[in-house]
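Let me give you the structure first, and then I'll get to my questions.
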Amino acid sequence: MLNEIKGLNEECGIFGVFNSPHANQLTYIGLHALQHRGQEGAGIVTVDDDHHFYQHRDRGLLSEVFKDSNDLHRLEGETAIGHVRYGTSGNNSIANVQPFLFKFNDGDLALAHNGNLTNAQSLKAQLENKGAVFQSNSDSEVLIHLIRQKHSMPFMDALKQSLNEIHGGFAFLILKRDALIAALDPNGIRPLCVGQLSNGAYVVASETCALDAVGATFVRDVQPGELIVIDHDGMHIDHYTTETQLAICSMEYIYFARPDSNIHGVNVHRARKRMGMQLAKEQPADADMVIGVPNSSLSAASGYAEAAHLPYEMGLIKNQYVARTFIEPTQELREQSVRMKLSAVSGVVKDKRIVVIDDSIVRGTTSIQLVKLLRNAGARKVHLRIASPPFRFPCFYGIDVSTRAELMAANHSIQEMQRLINVDSLGFLSVQGLIDSIAVPDAGTAPNRGLTVAYFTGKYPTPLYDYEAGYLKSLKQQRGMFDED
Amino acid sequence: MLNEIKGLNEECGIFGVFNSPHANQLTYIGLHALQHRGQEGAGIVTVDDDHHFYQHRDRGLLSEVFKDSNDLHRLEGETAIGHVRYGTSGNNSIANVQPFLFKFNDGDLALAHNGNLTNAQSLKAQLENKGAVFQSNSDSEVLIHLIRQKHSMPFMDALKQSLNEIHGGFAFLILKRDALIAALDPNGIRPLCVGQLSNGAYVVASETCALDAVGATFVRDVQPGELIVIDHDGMHIDHYTTETQLAICSMEYIYFARPDSNIHGVNVHRARKRMGMQLAKEQPADADMVIGVPNSSLSAASGYAEAAHLPYEMGLIKNQYVARTFIEPTQELREQSVRMKLSAVSGVVKDKRIVVIDDSIVRGTTSIQLVKLLRNAGARKVHLRIASPPFRFPCFYGIDVSTRAELMAANHSIQEMQRLINVDSLGFLSVQGLIDSIAVPDAGTAPNRGLTVAYFTGKYPTPLYDYEAGYLKSLKQQRGMFDED
Amino acid sequence: MLNEIKGLNEECGIFGVFNSPHANQLTYIGLHALQHRGQEGAGIVTVDDDHHFYQHRDRGLLSEVFKDSNDLHRLEGETAIGHVRYGTSGNNSIANVQPFLFKFNDGDLALAHNGNLTNAQSLKAQLENKGAVFQSNSDSEVLIHLIRQKHSMPFMDALKQSLNEIHGGFAFLILKRDALIAALDPNGIRPLCVGQLSNGAYVVASETCALDAVGATFVRDVQPGELIVIDHDGMHIDHYTTETQLAICSMEYIYFARPDSNIHGVNVHRARKRMGMQLAKEQPADADMVIGVPNSSLSAASGYAEAAHLPYEMGLIKNQYVARTFIEPTQELREQSVRMKLSAVSGVVKDKRIVVIDDSIVRGTTSIQLVKLLRNAGARKVHLRIASPPFRFPCFYGIDVSTRAELMAANHSIQEMQRLINVDSLGFLSVQGLIDSIAVPDAGTAPNRGLTVAYFTGKYPTPLYDYEAGYLKSLKQQRGMFDED
Amino acid sequence: MLNEIKGLNEECGIFGVFNSPHANQLTYIGLHALQHRGQEGAGIVTVDDDHHFYQHRDRGLLSEVFKDSNDLHRLEGETAIGHVRYGTSGNNSIANVQPFLFKFNDGDLALAHNGNLTNAQSLKAQLENKGAVFQSNSDSEVLIHLIRQKHSMPFMDALKQSLNEIHGGFAFLILKRDALIAALDPNGIRPLCVGQLSNGAYVVASETCALDAVGATFVRDVQPGELIVIDHDGMHIDHYTTETQLAICSMEYIYFARPDSNIHGVNVHRARKRMGMQLAKEQPADADMVIGVPNSSLSAASGYAEAAHLPYEMGLIKNQYVARTFIEPTQELREQSVRMKLSAVSGVVKDKRIVVIDDSIVRGTTSIQLVKLLRNAGARKVHLRIASPPFRFPCFYGIDVSTRAELMAANHSIQEMQRLINVDSLGFLSVQGLIDSIAVPDAGTAPNRGLTVAYFTGKYPTPLYDYEAGYLKSLKQQRGMFDED
C-alpha cells in the first residue's frame, strides 16, 4: 500500500547493539532493514569506552541523514542505539528526531522509543509543575524526567518505578555508558526482539528482519513487562511488573511489519497468506483472477488466489522510484501524479472480472483511486476484498490515526463504502478469522489469542487515561452502532 | 532482479511529446515511468514557439536531476523530448547524458537515443577524417554528423539516407523546432510506441507504461524501418527502408520492460507468467513451494507455481529503500551489505524444499549470493529454475554486456553452473519454449516469431560490422561447444 | 583576520522582531548581517497570532540552513527571534543550535542566547538534583529551568529572580506567545541594541549593523541589568537588578563586531582607526609602508598609516571564496592550502620595509604564517604592530578561548614572541591606549571607562564562580609574571 | 564592486600544469585563486601516462563543483588544465562549462579558453557548411573544428594555421596526451603567464596570483602571438604569427584582476593606487574624507586619500557572506536585499562631506544605490570620483557587455549622469591619466603604451569582423558625440 495516501503510519523502528566492533555500521544496517517503520527522521547515538557519547540525527530517510561516510564513521564506540521515525507534518521538527541524548553531570543517557503513552499528557503536566522542561512534542521525553525525579534512588530502581508510572504501548531502548537496556509495555503491544552476533554481542531490534540484516541469530522476543539489561556481564532478563498479558498489535501482522519478520513465532508473510486464504472462504467472489495492492497486500492476494483456485496476477504496479511531483496546475496532471506511484496493468485486467485484495481501508482515498485506475484500464468487474476487519477505532499505542473522523469504516456502513469506492462487491475478513489466521502460539489464555484487535472492536486492552474522557464515551456509542455488521 | 549485482543493464528510455501544454511535466512523468531503463542520467529538452530550445540534464536519477520545481518549470514550450540512461562507470561523464542539443545557425536540433550501433566506430573514423569533432563516448552523436555531412540535401532526405548508413539496434527521437521525429532500426530491436493525449497531442515512448503514466491512449507500435514525423499537420508515417524484418529483443520481455507494458501487443507480465508455466512443464521439480527473485521474476514464479500446483510464497524480500553502503572493512560486513538489498525469509523457507525462479543468469554472482541466503535461512533443498535459456552470447544492440568472459553460461556447462551456484538442481527454459511463451502476434514469417534470441543461440539477426572481426570468430567456435545442451 | 586559523571565536549573534509583517524575512536579513558572529549554526523561531510556534534550525551558514524559500516561508507569524552561532567541534551537534524551543502545556517558549555563564555548572548540578533534564551542552538551557522551578510565581517575577541567579556575560532574547523579552547581564558585557522599523515595530539585535540591514532606526543600547519587554502595548524598560556597572567586552571593538556597527555610541571602524593611530604613537617603526591583515585589521592599519605619514598599501589579500581543502599528502600542499586563504602581494612588498598591523595575537599561528608569506614575497623588513595589548587571560563571558595554554602571550615574553614569529620588531598597544581609543562616552565612573580588559590584565569585572577554583589561582600567579611588560 | 549589480563580467580564468605530482590539486588551488574571473562554472581535465583523460565539470563555484574529495582525486595523471567561467543566464547550460573534452580515435584533446572571437559566427557558418556539429554556444569549440578540418596536416601546423584564422582576444590552453599548449592572440588582450614549481614543472595561468597560490616562481608573461608548448623536453616558445602589437585590456588593471597579480610587470594594486592618486590631481573635491567601494576600488581610494591629504575611511561595508534572497513581495524588502550585500557606515559618514571612489560606471545602477545608502546614512555631501574614464563602448574581446544601450556613459553626458546618480559632483579619470598610471614598461612603441582603451575611445585595436556591420557604424557616430568631454 502507498503510505503517502493511506494515512496509516507506524511511529518508529529501534535498534541497539552492545559491545561489538562496527557498532555504528551494524546499527546503520539494522535501521535500514527497519526503514519501512518510519521515513521522516533517523539517528544513531554511540558510546565509546571512555563514556563519550556521539550522535548524528536529522530529518529524512536514513540514506539522506547519513550522506557521507564520515557521518557514520565519526560515531565511535562499540555500543549504539538507533531510531527511524515517522512524523506528522506538525511534529516534523529536528527536535523530535530520536535517539534523544540527555546531558547529565553524572553521565549522559540516550533514548529511543517506539509506541505511544496514554497518560503522557497528565504526566507532563505533573512534571512541569515540578519545573520540568520539555523540548519535543514526543512522549518519549517523559520517561527520562520520571527517572530523574527519583534522583536519590539507584538508577535501576528509578527506572522500574518509572516504567510502572507510564501506560500505553511502548518499546524503549536506553543507552547508558555501561549498559544497553530494553523495556516493553505490560501488554507487549509493540514488537521487540533480541538476537546475538557470531562474536557473542547482543542486538535488540523492533523486528527480526533487522537481526537477519546484521547476521544475528534470533534469541527471543522480549515479553510484556520485561526489562532486559545487556552489559559486560551478558544479558539479564528482569521484570518491572508481573501484571502482564500479551496483546500484540494485530496491525503489525496485517500491514506494518516486513513479510520476512517473525513476531512471537509467527512469520508475517505466512500470517498474511492465511488471512487471504481465510478471506477467500469467508468472502468468495465470482471472478477471473486475483490481484493484490503492492506491496503489503501481495501475500494475502496469493493466499486468496490459492484458496479460491483462481489465477494470481499482477494487475497493479508500484513504481519503485521516488516520485517527486512539482506544482500541478490542472486536475488532469493531478491524476497523472497518482499514476506516477501506482499503475493498473491493462494488458492483464482488460475485460476481466477482478478480485482486488487490500490489507485494510483507512481513509478510503487509496481504494477509490485504485478502483478508478482499474476501471480505466478496462476491468469489467472489480470485487474488493480486505484482508482485515473494518478499521473503526483509533489506535492509542503508536499508530498515527488521530481521529475517528478520518476512518471510513467508522462513518459508513459496508454498503455505503461499496458505493463510495465504486466496487461491484466489498468484503472484509472477520475478527475471528483474523485471530485464527495469525494464531500466536505462546498467547496462553490471553484474550483474542494475544492480539490487540481494538481497531475493529473498540475494546482496548488497557485503560485509555488521557484519551478516556469524553472521547471514549462517543466511541462506546459508536461501537453499538456497528454491532450488527 | 538486482540491477546492481546482475550487471545486465538497459541503456536507455526515451519519451517525446509534440504540441501539448505542460510538455515539460508530461515528459518528466513519462521518464519517471521509464526510470527502470536507466538510472545514471536524465535530461529533458524543450522547444517553444519562438524556436528557442531549453535543456536540463545531469547525472543521477530523475528525482536527483530535477531537484527544484524551477529545474522543470524553466523548460518552456509545448514540445519536448527526454531521456533516462544507464552509464558504465567509465562513460558516466556529464557529456554523455542525453538528450544531446546541437547548435546550428539554421536551427538547433536535439536527439535522444536508445540502442547501440554496430558500425559506429567505422563511421566515427570516417567522419573524423572529414574533420568531425565528437564530444561524447556515445554512438548517438554519429547520426547528427551523418546528417550534417549532407548539408546541401533537404533535411528529411539527409536523415533517411543517414539512417540507412547506420546499423544495429536503435530507436531515435529527434526534436526540431517544428517537428518531433521518431525512427526505429530495420529489425525493430528496441521497443517504441506512439500514444495520443485527450487533447489530441501525440506522445512517443520506449514503453506503453509511459503512455499510461501520462494518460495517453495507445495508438501503435513503431514498426521496423519506420520514420514517424509529428508536426502541426499531425502524424506522418514514413519509411527510410523497406528491407525490414521484426526481431524485437527477447530480453525486453524476459527482464527489462515493466510488467504493465505491452510490446507488439504482448503484455510483459503475462508473457513472463507463461514463461514460468512453460518452465514448470519443461523443468519440473519435487518441492514444497515456489518463490521468485524480486522484482522481475515474480510473474514467472507465480506462473510456475500455478502450473506445478505448488504454493507460491514470498521467500526473498527486496528492501525498497536505497542502500548506501559505506566503506566496509571486513568480509562479515560485506555480506551484510548484500543483505541490505535482499533477504531470505526464514519463517517461510526453513526446512522446506524450494523452487527458486529467476529470470536469467548473467554473471552468476547474484545467483550464488541468493542461494547462500536461502541456505542460511534453513532451506532444505534449493532447485533453481531460470525462465529463459542460458545467456551465452553478448548483445550488440544496447544491453550492457561487453564481453563473453563475464557470462557464466558462456564459460560453464549447466552441470558446472549447478555446482558453482550450489543448488540441488538447475534448469532453464528452452529457446522454443521462450518463443512460444511470448508469441508475438504480428510477427508474420519472421524467424523466431519476430524475436531476437541471439543471446542464447549466437545467431544474430544482423551483420555485426565493427564487432565482427576476430570476436565473432571466437563466438562461432563457442557456439559449437554448447550445441549439445 | 582568518577565523579558521586564529581560534578566537564569538559565540553568537541574536535578532528579534515583534509584530511586523515579514517577521521571518526580517529576521533572516538581520541574522545575515550578524553572520560574522557565528557560522556553525543558525535558526529562526516564529510565533503567529494563534500562538502557534514554528522553527527551523540546522548546522551551517544561514544560506545553508535556509536553502529553499519554503524553509523560510513556512515560518508564519509576525514575531520572531533568530540566532547564529559558533560551535566548537565537540559541541557542534544539532541539539546545540538555537533558538531553543521549549514545549509547555501553558504555552511554548523560545530562547536565543549570546554569552557565557560563569556559574552554569553549579546551577546545572543543583537543577539536576531536582530532576532537571538537559539536552544540550549549552549554558542557555539553564535560565529556562530556573524559571520553571518557580512555577508558582508570575512569569516576570520568576524571570527576574532567575536572572539574578545566573552570572557571567549574557544577552538573552525570549519569545513568548505575546511578548519579546530582552535581558542583558549586570555588566553589559555583550552588546545588544533596540531599533524601530518605519511601521513602528521594534527589533532587537546584537549589533546596529543588523538594524541598518532591516532598515530600522536605532533607538537605544540595552543597558546593564535591563529587562526589556516588547508587547502589543509597546516597549517597556525594566530592570531585574540595579547593581550594575558597564564593562562592555573590549574585544567587540578590537575584533568581533562589524566596522559599521556602533556600540554604546562608538563606531567600531573609527575606534579601530584610533587604535591604529595611537599604536603609531606608542610603537613607531622605520618603514616604507603600512599594511593590514584583512579584513578586521584594515581600519587600524589605515589609522597607523595616517598617523605615521606612511603609505597605506594592500600587501596581503584574503581570498573571498570558500577554500574547501581536500586531503593533502605533502607539506608542500599544506602550505598551499594556507595560500588559498591569504596571499602576500609581492608586487607591493618586494624589497620593502613593512609595518604589518594585526588586531591581536591569540595562538600566534596566523602571525607566523603571514610573516612567512611576506618574507617569501620579498619583504626586506617586517615590523609587526598589534592594535591591542598582549592577550594573556581567557574570556569567561562568551569568547571561545578555553585555556591559557593556547595563548601565546600567556606563555611567552614579547621578546620571545618576536623571535617565534620571526619579525624584525614587535609592538603592542597599551591597555590605556586601548581604553582611550575606544572612549565609551556614557561609561560614567566605571573602571576602564566601561570596558572589560581582563584579557590583558587578568582583572575580571565579576567573580568567576565555577572557573574560580584552582584555575584562577594559577592565573594570579601568572599575572605577576607579566607585570614588568 | 558588486559583480551581481554591475553587470560587467570577465568570461574566464584558465590554469594548466604539466608533469607534476598532484596535478589535480594544484589545478584546483590555481583555479581557486582565479575564482574572481568566473563564478558560474568550473572544471578540470587531467591526462595520465596511459593517455587516459579524466574530467569533472559542472555549474557553480569551484567549491560547489568539487564537493567531495573523490570528485578531485579520481582525476588521475600528472598533467591537467582547468577553467572557471562566467556565464550569462541564457548560456549557463552544462554544455558550455569548460574545459571541453573532445574524443578522437587518434587521441583525445581538451581545451580551455578565455576571451572572445570576433569572427566566430562567420567561421561557424563556414564550418557547418562542411558538416561541423557544435554543441555549445561557446566560441571555444571553433578552434578545434578548424584544426580537425586540417586533418591531414601535422597537428602543430594545423594549430598554427587555425590560430591565424581566428580573430579577437583569446588565451587558449590545449591539453594533448603528451603536451600542454598555450596560445595568445596577436594583441595579447587577455593576460596569461608561465611559472615553474620547485620540482621543475611548468604551470600556466591567467594571472600571477594563481602562480603564487601553487607556490610557483614567475617565469614570464606570454607575449602576443606566442604559441608555447610544454612537453617532456621542457618549454618551447614559438610563434604562430609575428604581426603582433601589445594591447592588453585596461579593464584587467581597472577592475578584473586580483590586486596581488602582476600583469606585464605592473602590480595591479599599485596601478590602481596610482589611478587614485592621478584622479585626485585631475578631479579634486572639497571633502572631509575618502571612501572606496569595496572590494575593487579600495586601492584607488587609498591612493586618492594619500594624494589629497584626506583621511581614508571605511564608509561602505560589503557583507562577505553569500546573500541568498528569497521572494520579496514589497519595495521595502527589496531595498533591504541590497543592504544584505552592501551597507553604509553611518558612524563614519554622518554629517560628513564624502569623496566616494569607484573603479568604473557601467550601467549606473550600483552607483545610484550606493549613493542612496550613503545619503540615508547621513552623508552631507557625496562627491563621486571614478578611477577610469567614462565606459562608452562595448568590449568584443571577452568582457560581458553586449550592448551599448546598457552603458550609462554611452547614453548620457557627465552632467546628466551626476543628476541621475544624485551626487554633488562627478569626475572621471582621463584616458591619458589612466595610461600613465598603468605605465606598462615593455609596451615599446605600441599605441596607448600597450593598452586597449577602446571602451573609452571607441578605437579598437583590431578589425571587428562579425561585429562590424551596422553596429560599428553607429559606434562611430556616437564616438563623435562625446569628443567634447
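Order of writing sets the chain letters: A, B, C and D. Residues in each chain are counted from 1.
The criterion applied here is as follows: a residue touches a chain if its C-beta (ideal position, glycine included) is under 8 Å from a C-beta of that chain, and two chains touch if they have at least 3 such contacts.
This one's a predicted model, so the numbers in the text were calculated from it and none came from an experiment.
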Remotest chain, chain A as reference, centres from CA atoms: D
Geometric centre distance via CA averages, chain D-chain C, whole Å: 37
Rounded Å distance, chain A centre to chain D centre (Cα mean): 60
Computed distance of Cα centres, chain C from chain A, in Å: 47
Where chain D touches two or more other chains at once, by residue number: none
Touching pairs among all chains present in the structure: A-B, A-C, B-D, C-D
Residues of chain C that touch chain A when the two form their complex: 55, 57-58, 93-95, 100-106, 121, 124-125, 127-137, 141, 144-145, 148-151
Touch list for chain A against partner chain B, complex: 22, 25-26, 28-29, 32-33, 35-36, 39, 61-63, 66-67, 69, 72-73, 198, 209, 212-215, 258-262, 266-270, 273, 295, 298-299, 302, 305-306, 311-314, 317, 319-324, 326-330, 332-333, 335-337, 339-340, 343-348, 377
